[in-house]
Each structure stands twice: as structure tokens, then as C-alpha cells.
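Labels run A, B, C and D following the written order; every chain starts at residue 1.
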Amino acid sequence: MTDATTTTTGTDAAKLLRRHETMAVIRRTEKAAHDLFMSGLVKGTTHLAAGQEAVAVGARGALRDGDYAFATYRGHHHAIAWGATAEECLAELMSKATGSCKGKGGSMHLTKAASGMLGSYAIVGAHLPMAVGAAWSARLRATDQVAVAFFGDGATNIGAFHESLNLAAVWKLPVLFVCENNLYMEYTPIGTVTAAANPAADRAPSYGIPAELVDGNDVVAVEDAVARAAERARAGDGPTVLEARTYRHYGHSRTDPASYRPEGELERWLERDPLTVSANQLRALGTSDDDIRAAEESAAATVEAAVDAAKAAPGADLAEAFTDVWADGGAEWRT
Amino acid sequence: MTDATTTTTGTDAAKLLRRHETMAVIRRTEKAAHDLFMSGLVKGTTHLAAGQEAVAVGARGALRDGDYAFATYRGHHHAIAWGATAEECLAELMSKATGSCKGKGGSMHLTKAASGMLGSYAIVGAHLPMAVGAAWSARLRATDQVAVAFFGDGATNIGAFHESLNLAAVWKLPVLFVCENNLYMEYTPIGTVTAAANPAADRAPSYGIPAELVDGNDVVAVEDAVARAAERARAGDGPTVLEARTYRHYGHSRTDPASYRPEGELERWLERDPLTVSANQLRALGTSDDDIRAAEESAAATVEAAVDAAKAAPGADLAEAFTDVWADGGAEWRT
Amino acid sequence: MTTYRESVAEGIAREMRRDDTVVCLGEDIGAAGGVFKTTVGLFDEFGPERVWDTPISEQAIVGAAMGAAMTGMRPVAEIMFSDFLACCWDYLANEIPKVRYMTGGQVTVPLVVRTANGGGLGFGAQHSQSVENWALTVPGLKIAAPSTPADVVGLMATAIRSDDPVVFFEHKGLFASKGAPAPDGHVVPFGQAALLREGTDVTIVGLASTVPLALTAADRLAEQGVQADVVDLRTLLPLDVSSVLRSVERTSRLVVVEENPYQGGWGATVVSVVAEEGFALLDAPMRRVAGANVPLPFADALEDQVIPTVDKVVDTVKALVDY
Amino acid sequence: MTTYRESVAEGIAREMRRDDTVVCLGEDIGAAGGVFKTTVGLFDEFGPERVWDTPISEQAIVGAAMGAAMTGMRPVAEIMFSDFLACCWDYLANEIPKVRYMTGGQVTVPLVVRTANGGGLGFGAQHSQSVENWALTVPGLKIAAPSTPADVVGLMATAIRSDDPVVFFEHKGLFASKGAPAPDGHVVPFGQAALLREGTDVTIVGLASTVPLALTAADRLAEQGVQADVVDLRTLLPLDVSSVLRSVERTSRLVVVEENPYQGGWGATVVSVVAEEGFALLDAPMRRVAGANVPLPFADALEDQVIPTVDKVVDTVKALVDY
């Protein structure tokens, strides 16, 4: 296992500025989701990814069109990184007909299948075998696609994690296991319930899978690490485990004030906010503050327009309650 | 992980002769089960442990009365090592009222709860969390009991294995995970479906659990290794993984002629038959051939008598089909 | 008045005070008090040796509870959302309910698996199911599903004291509901339905969330001159078919209201017992107001389309009394 | 004549020849041909890139099948004994049947999970269950359970070609049974029950193992002057209630014979549909001959006590026609 060092190799400023803007769109979307929740326009629950943007955006940046992603209930950032618009995401959260899942999925199930983002799953760890299966399928169809599963530190303690890593290793499949270690499973510090310091990376070797620890708040570092893993995967060298250390700015879900956090922890992580990190990298690459601000303003405008459009959209179509069970579009269960 | 070397430290000849006799009882019982199956007196299926006797007998030898054992569908040896009589086992296989489970369990579920052998489970891996729970219970009740789970190499690829090792490690529980690696999961060589050369031992370190490889055909080696693990467990130092390399003489189950075995493999293992190994050790300790033969004849007589008694016993009591669902003894589901 | 939510912790606490062998385990149930705040106070009162936070390992949670139950403890395991019972279904379906029988009575498994069940809160397809019908497919489990705060306490007492394994369904949609607190020493036996309202025209059978719904419907029906018996089953197993048959004897009409999907729903079992044993009592077809045979949608307007509502019950009963 | 067992491999092979995207995975299904010998010949004909041996990892097997199905393949996953569906129940209950709906139709999951179901072979409590009722609790799954060799092939064709997920229950007790081989290109549509015998006195509905049992019972009843319709449902979902209602219209009496336990059994759903929609057709109570509400015992004499038998069906029908 090697510690990845941040590098800007192969990263040009224009590309990084695009990543920065996507991260800003995610950040604004999460803020909007939070505010809309507070004002009663989003119901149910949400799990916001503010603070973790760099993992999704870096990973997508390293991958190709057609590569598959599987995400969790904390999956807004993955959906947007894979091309879902802020509008279709927010509309989904607001139970609108224009939502990406027609209001049938909600925050926990954002999906953008058209660009390979094959769903957000709300049973912890359940999607890991699916990603293994998508990678197996790529191999069977002799494409050079890879599949990536994003999951939390807490997910590494569930049985499906173990079965997935073993099967992926035995079959040498082109799958990337990307753990977003944000230090907590809900309200419980991950270290108190896990027999490994780095829950994903420390376990990978026992499956013969190479692992890398990566700074999950550094979009460039993530992109580089995922690029290396994807290259191995496409070369037929099998799966990789990446563990990205990161932090969520909000509580676990909308009902969580996160009072279990030690004092100062959030503040320390805010200093390494992924958007701050990438802004600094941009400056180091010679991008002007004006250009950075312009990207951020563009992101803000995108999300503002998205909020307005989502608000204005019609509510979910009641007839949709009885569609999409079967591939024929219907829900008939008897003859 | 250390490779255990066979040692006879602390093993006196009289004790070893008792182990030898118990192993011989198991061997004869398995042979009887096989023959009774062939003659139609045992129905359903059986998974014989001939060849693997040393693991069960050595483990029991190292443990105390009151320690718990959880076994698999291949569990005749564990039941007998924990004090089940050949007669109650064979009667169970023959669907007799005198069977250890009244004919309701069968070969796959032999149980001797009165002496801590809390069942044989036929869903691969399912009993590992139970052993963790029994160890947790020992700790909660402040006894110094340990719990041992016996399982096969194939069981290491199922999710419950992972969850059990993690929880046992995090809670530092007095539980022993004893893998009987007999090279095959049913008809499939374990190496072809497992991302670790030693499926249990190689994975233990990633949970921070100490592991030991042990010669599973050497009852003394097993006893020593289990004694070390039990000592650690009772001292509050948590779980241990033991991987005992061994071999089953019969096929996986009664329908399996084991034609997938490479030529000569069985013969090589028969040379290291646990009964041969222990007989040699006895001779080295000065036990006479006569004494060894007497123990074996005593075992043979025990099993012969058991077969006769089981044959003569009445069939399962039909009324028992409707007992033992609930703790009150009954099966009432409505009021 | 107290809430259903608070009654969960109260019910557990009362038993933990009585009996040292009662211990709790589950995800985030300790200092955090559980994601639904249904274990608030337990950690403070009983400490970390009685209230255990676990990793996300549903199989280990329930499997360890089973091992502990077989060796002298009375564990109360929390599976956060009932949908996640699927992650440890082997224990609920194959291990816990069968081990006593298949060992010929050598062991007992006195444990409780508590779980937050049901919809109505907009949690979507994987966090909203009513899965008490899953449990009903498995002989060897007892199944409780209270509808009021007092019943939560009273049924919890029976569940924890039971030497048999119990799946205890706490309805998410009822957590905030209020009712009279349970008196001291309150114990509600299993298999004893509550007749909550007496009528002559129709029997409405409900469970957990569908009980208040049935009561509201009965109020509305009364305004229209239709008098309903409302029966709260309280437990699905044991199933109190006697109370149902007794009521149908008076009313000659049966409507079962259940949140789980129609296909494979528990209402079908109730109806089939009445079809076998109460056929002569019936003046009309039996009706089931059940969840639709679709996954649960996120949007609340859509969810209302597919789960039972007061309107659906009222309409069904009215059509039936006109039969 | 061919066996039910051979027809499983034949049914799969026909589809694998037609369609390159059909691949198989499961434990010991490759060179070994499966523990029930239901995949014999596939590995030889199609090779290791189409027939995959897996570790003992039920979640990974079915989860990987799901991922492959979402991305262009048509996987056929074997779960060796249906009891083990409990080990991957999350995929059957929460993932596979819901993903299409909860994504608003963005994905489809054309896969088959095949499994050996049912008792009668003395495999004991954890290897003998009839668990088709588990699957029936979950909207979003199609459920097939053939009773004859030809139906195995014909329903397998429909299952594999289906763009919806299918749980395919092969009955262990029928593997050795014989019947006419399926003609070339044989396809049996889902949701179309077979009327296997016509009578006027009673409708007997069966599925898989209970179909031959119902037919034998009908023969015996005919000797005693009772003429039975025997309906083989073939699939539980879609459920062909029209055929059942049509038959009851003629016979006025219904007996459902199912191997799964009475509590939560699929027969209850059939009965409840008839109770709702066919009440006026009935001249007598409906009856269910079902598994007892106990785990399955090992000894064959005990197993006979708790699963349906010809005698139980005959006795039940006779009592009913005398009603």
C-alpha cells in the first residue's frame, strides 16, 4: 500500500477549473437541499455530501464515458459528477415530476443511468456486488469499461464488502472500490467499531488487492489515484481499493446536529475544504482569482436556476405510482 | 502468524491414548454411517468427517467442561468429541426416537447442548456469529468460558465470516475460529475461488487477530494450538484464528464419488491419517502396540454396540413433529 | 400522555431493571440513543456493559444475539429499519426459529429483534416497507406490532420475558403519536387482540399503523350510520383468530387493513382462516385494504396512492355494507 | 421421456445457444454439473466464460448477477438450496425488485435466480423448505415453479427471455420425475395456469410438487365418485387468478394445496382473491392443505406429518364435498 502524494502531473489549469466548478455545483446543491429541507420543500431524509465533493469529481475525471458508478444514499455528488443536473436532482428531492426518478426515488436513490451512474443504494454495502457484476459484464462483453463503487467507512464491516472483494480478486475484474472514509458511521466514530485503522485499505491486502490511501479532499490526488487504478483495471490486472480520507460538513442526515463531534474537528476540516484546496492548486497553476470566482459564480447561477426550475415544476404524476415495476412499464401482478 | 510445530509437551501417553480412542470411535461411527446409508437405513444426506477427527478431538482436549462449540453439517466428530455417544448420533441418522435430536435434526444438526456443543448448522458460516455471541455472553456473565466455532475453508468466503471476525476483534471476545481446511468446498478446489492461500489464517491479521496454521491431522498439535488460543482468550486477549490443514477421506456428501480429486491425493493423505499419526506418537511415548490395539478394539466395540442399539430403537415418535417449536414444548400458532 | 417513541425505551428499561440478563445491542443505540431516539436514556442508566454499539454488521448483530440467548442472556437486538432484516434474514428465517426444533428441544432462544417498520415518512423504497409478512412466512418466530404507547410497553415486557424469539415491529409512522402511559408492571400477553370499538355492521381488523387508521375510518363511517368493530391484532403470531371469528359472528362482514403488500400479506392468512372456519358467518365477500403490489415510492403523494388510507378503508367498507 | 432434472440443463442450454448474453454462475455448477446435476453439460458446451464457478458468497453471486443484468447480460444465478436465498435476501427483497421502480424506469434487471426448493427428501430444517412464499411477499419479482419436465424447459425460456427478474423454483422432490420432453422452441408464457384435469365437484389448485400430488388425489377421488378440476398455477407471479375463478365457477368448491407453511403461505393469497371476487361462486368453505407451522423435521415419517400428502388432500376434499 502506498501513500499517494498530491501531484498536479497531467493536470492542466483548465481541466482543474472545470473540476472546481463541478465541485462548486455540488456544494451549492447540497446547501440548497439543506435549505429546502428546512423550509419544508424537501421531505423524507437527505444525506449531504458537502465536504466530500473531491472524491466523486476526481474519480469521474479519471474515468471515461461509459464507465459505471454505483453510489450510496449519500450520493448527490456522484450523481452530479456523472452528469445529473442540479435541477433534476433537486426536483427529485422535491418530489417533482421532473426529478431524475420522477419522484419515485428521492434523495437516497439519485440515478443517472444514461451516463453510467447506475444508482444510489440505501442498504449499506449492497451495491458493492453490483459493481463487481458490472465489471464482470464489461469483461464478458469484452469492452474496456471499468466499474467503480463508492462507499463509506462504515460499509467495510458488512458481509457484502468481504464477498465483493474476494470475488473481484478471484475473477480479476476491472472494478474500483472507493471508500470515502469520513470518520463516522452515522454518529459512531468508525474506529470504535472497526478492527482496522484504515477500514478499507488495511483489509485489501488480505484479498491480494492493491490499496492506496488518498487525500479525499484533494481532487487532483483523487483523480491521479483513480487513473492509476483504472489503468490497472483496463490492463487486466484486477481490482483496486482506494481509501479517501475526507469529512462531511453536515451531520449524518437531516435530523443529526452532529453533536458527537469533538470540538474543533469540523473547523480543522473546513480549513482543508476541497474547494479551498483546489482553489489554491489553481492559483499555483496560475489561474487568476477572477477566473476562479467566475467559475464559482457560474456554479451558483446554475444551482439558483435549478432551484427555481425545480420549484416551478409540477409535482410527481400520481399515475407514476403504478408504472415502472416491470420492463413493460406496468405493474400488473395477475392475469 | 507462526507455524505450529508438533510437540508432545504436556501430553502424557494415557491422555493421548484416550484421544486416540475417541478418534477411533469417530472413525468407526463415520464408517457405520456410510454403510448404513448404503444399506438404506440412513436417509437424507450425510457429510462424513473421517480424516478430520484430530481437529475436533484435539480442540475438545484443550478446552474445559462448559466451553461452547458450534459446528457445521460436517459435525459428527465435534458432537462425539463433546460427549455425544455414537449411539445417539447413529440413532439420529437412522431417524430413531432415541436420536440426539429425536429424529428431528438428522446428520446435519447433531447437537449435545448438555455438554456445551450447541449445534451443527447447515447454512455455511451462519454459526460463526453465534459463537461470537456465546463468547460475548461468557464475558457478560463474567465466566471464563470460551466459545469455539469450527468451519470449513469454503466458509471463509461468506459475509458472516467477515462480520464475525470484526466484531469479535472489536469486542475482544473469548472466541476461537477453527478452520478445517480440507482443500475443497464441495467439489471445487478452494484455491480457485479464494483470494488467499490460507483462507482463514491469511485474513486474520487484517482484523488484528492472531492466527496460527496447524497440522490438522496431528491431534497433539491441534490440542497445543487450541490450548494457547484458549489461554489468550481467557486472559482477555481476544479471539484467535486457527487454520488446520486436513483432508476428508470420503466425498463431500453421500452422493459424491470425489472424482475431481487428482490422482494420488487421497493416498498421500491416508499416509498421514490422524489415527496413524497418533499411533506413531503413542509408540514414541512408549505405549505398546497391544494397548493401542485395545483402545481401537474398545472403540470398535462401542460403535458396534451403538449400531445394534440404534437399529433396535423405535422410530421417531410421530407426535414429535408437533413439539419443540416453542419453549413450552408445543407448536401452537394461534389463539 | 407519552409518545410511542418514548415508550420503546421505557419498555426496555423496565425489563433491564428487573433482569440483569437483558442486554441491548445495535447500531448507534448507545450514547446516541438510536436514530429514532427509541433507546434514549438506556446507555446512561445501564452503561456500556448492557447497551452495546455495534458495527454495521446485521448478521453479526442478530447472530451474536442468538448465541448469547442460547447461553443465558436475554439480548434485545435492534435492526434499525425493518428493511434491513433482509441483510440478516438467514438468522430470522433459518437459524433462530429452527434451532430449538431441530435439536429436539435442547436449546431455547429468548431474544427480541426490534426494528422500525413501515412507511408514511417518505423514506423511499428501501426504508419504508412493512415487512411483518416476511416474518409470518417463518414458523418459530413470535411477532408483535403494537399500535399504542401502552401496548409498546406491555408487549415489550412479554417479548423480553418470552423464552421464545420475538420480532418486535415498531411502526415509524407512530413514533410521534401519543397515548396514555403504561401503568407500572404493565404486561400485555401475546395472542390477545384488543377490541377497540364495537359495532354491528362490519369487522375491521388492523395492526400497528392501520389501527389508528381503522379507528378514524370507523368514526367517519359512524357518521354515515355504519357501525364497525375495530380489532387490533397486536401480535401476528400467535394470531388471535378467535377474536376475529367472534367479531365476524356479530358483524358478518370482514375488512382487513394491512400496510404490507397485498400479495403475500398477512391479511390473506387472516382471511383464509375465516374462509375455512367462518364461512357460514359471512354475508358478503371479505375485503383487504392492503399495500399495492409495487415498491414504495418516495414522494408522499405517490406513497399515499399505494398504502392504505382512511379514504380507502371508508370506501371499501361502504361498498361492502351495500353488498 | 426425460427427467425434470435433465430438463433444467436443457432449458438453460437452449437459451444459451440462442443468446450470447446468457451466462450462468453459482457454486459447483461448472465441471461438476451442480450438486443436483441440473447444470450437467453446460460447462462442456459453453466453457468457462459462460459457466462460472463461484465461492460460497450468495450475496456476491446474486449481487453480481444484478450488476451484470443492468449492463447488458442475462445472468442465470444458481442458489443451491432455496433456503440459502435467506443469505442474499437483501438482493431479492430490496435491490433487484425495486431498482427499476425507484430509478423511475432507468434500468432493467433481466436475470434469473434458479434454486432447488422444497422437501420430501429428508434434508432437514435448513435444506427442505418451500420458500416461494418468501418471494411472494416482494412486489417486483416474477416467480415460476414448474411441475413437469416440459414446463421446466418452457418456463425457463420465458424466464431467461424476460426483461424482468425471475425467481425460478426447481422442486427437489421432482428432479427424478419423468415426463414428455419439451418440443423444439417450447415456450410457456408466465401467468397462464394449466387445467390438467376437469371435474365438476371441486377445484384443486397446486404448484410444483403439489401438482402430481393433486393429480394422484384426484384419481383416488374419482374412484369414489368425486370429480376434481386440477389447476397447476405454474407461476405465482403473475398469478393466474382468472383460471382459478373460472374453475371455481364450475365447481363451487376450492382446495389449495401448497407445500409452504400455512401461515404466510401463497395459498392464502389465492384464497383471499377468491374470497373478494368469487364469494358468490362458493357453496362451501375454502380449504388449504398446507405445510404445518413448524420447521421441517429430518425423519421422513415426521416430515410426512407436516407436509401435504395425497391422503391429506383426499380427506380434505371428501370432507368438503360433504359440506
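Just so we're on the same page, a contact is a pair of C-beta atoms (placed from the backbone, for glycine too) under 8 Å apart; a residue touches a chain by one contact, two chains touch by 3 or more.
The structure presented is a predicted model; accordingly, all values stated were derived computationally and were not measured.
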Among the chains, which has its CA centre at the largest distance from chain C's?
B
Comparing residue numbers, which of B-D, B-C or A-C shares more than half of the contact pairs of A-D?
B-C
Between chain A and chain B, centroid-to-centroid distance (C-alpha), Å
45
Chain centre separation in whole Å, for chain C relative to chain A (CA means)
36
Quick one: chain B and chain C, Cα centre-to-centre, how many Å?
40
Quick one: report the Å distance separating chain C from chain D, using the average Cα coordinate of each chain.
29
Each of the following residues of chain A touches two or more other chains, namely 101, 103-105, 109, 121, 123, 157-160, 163, 166, 170, 192-194, 320, 325, 331, 333
Please output the residue numbers of chain D that touch at least 2 other chains, ranges allowed.
54-55, 57-59, 83-84, 86-87, 90, 94, 101-102, 124-126, 139-140, 237, 239, 263, 292-295, 297-298
Which residues of chain C touch chain A once you look at their complex with the stated criterion?
27-28, 30-32, 35, 53-59, 83-84, 86-87, 121-127, 263, 292-295, 297-303, 305-306
Which residues of chain B touch chain D in their complex?
43-45, 92, 95, 101, 103-109, 121-125, 154-155, 157-159, 185-188, 192-194, 255, 260, 315-316, 318, 320-322, 325, 331, 333
In the complex formed with chain A, which residues of chain D make contact?
23, 49, 52, 54-55, 57-60, 62-73, 75, 90-91, 94-95, 99-108, 110, 139-140, 162-164, 191-192, 237-242, 273
Contact residues on chain B for chain A in the complex?
157-163, 165-166, 169-170, 192-196, 202-203, 205-209
In their shared complex, at which residues does chain A touch chain D?
68, 70, 99-105, 109, 111-114, 118-119, 121, 123, 126-138, 140-141, 147, 159-160, 163-164, 166-167, 170-171, 320, 323-329, 331-335
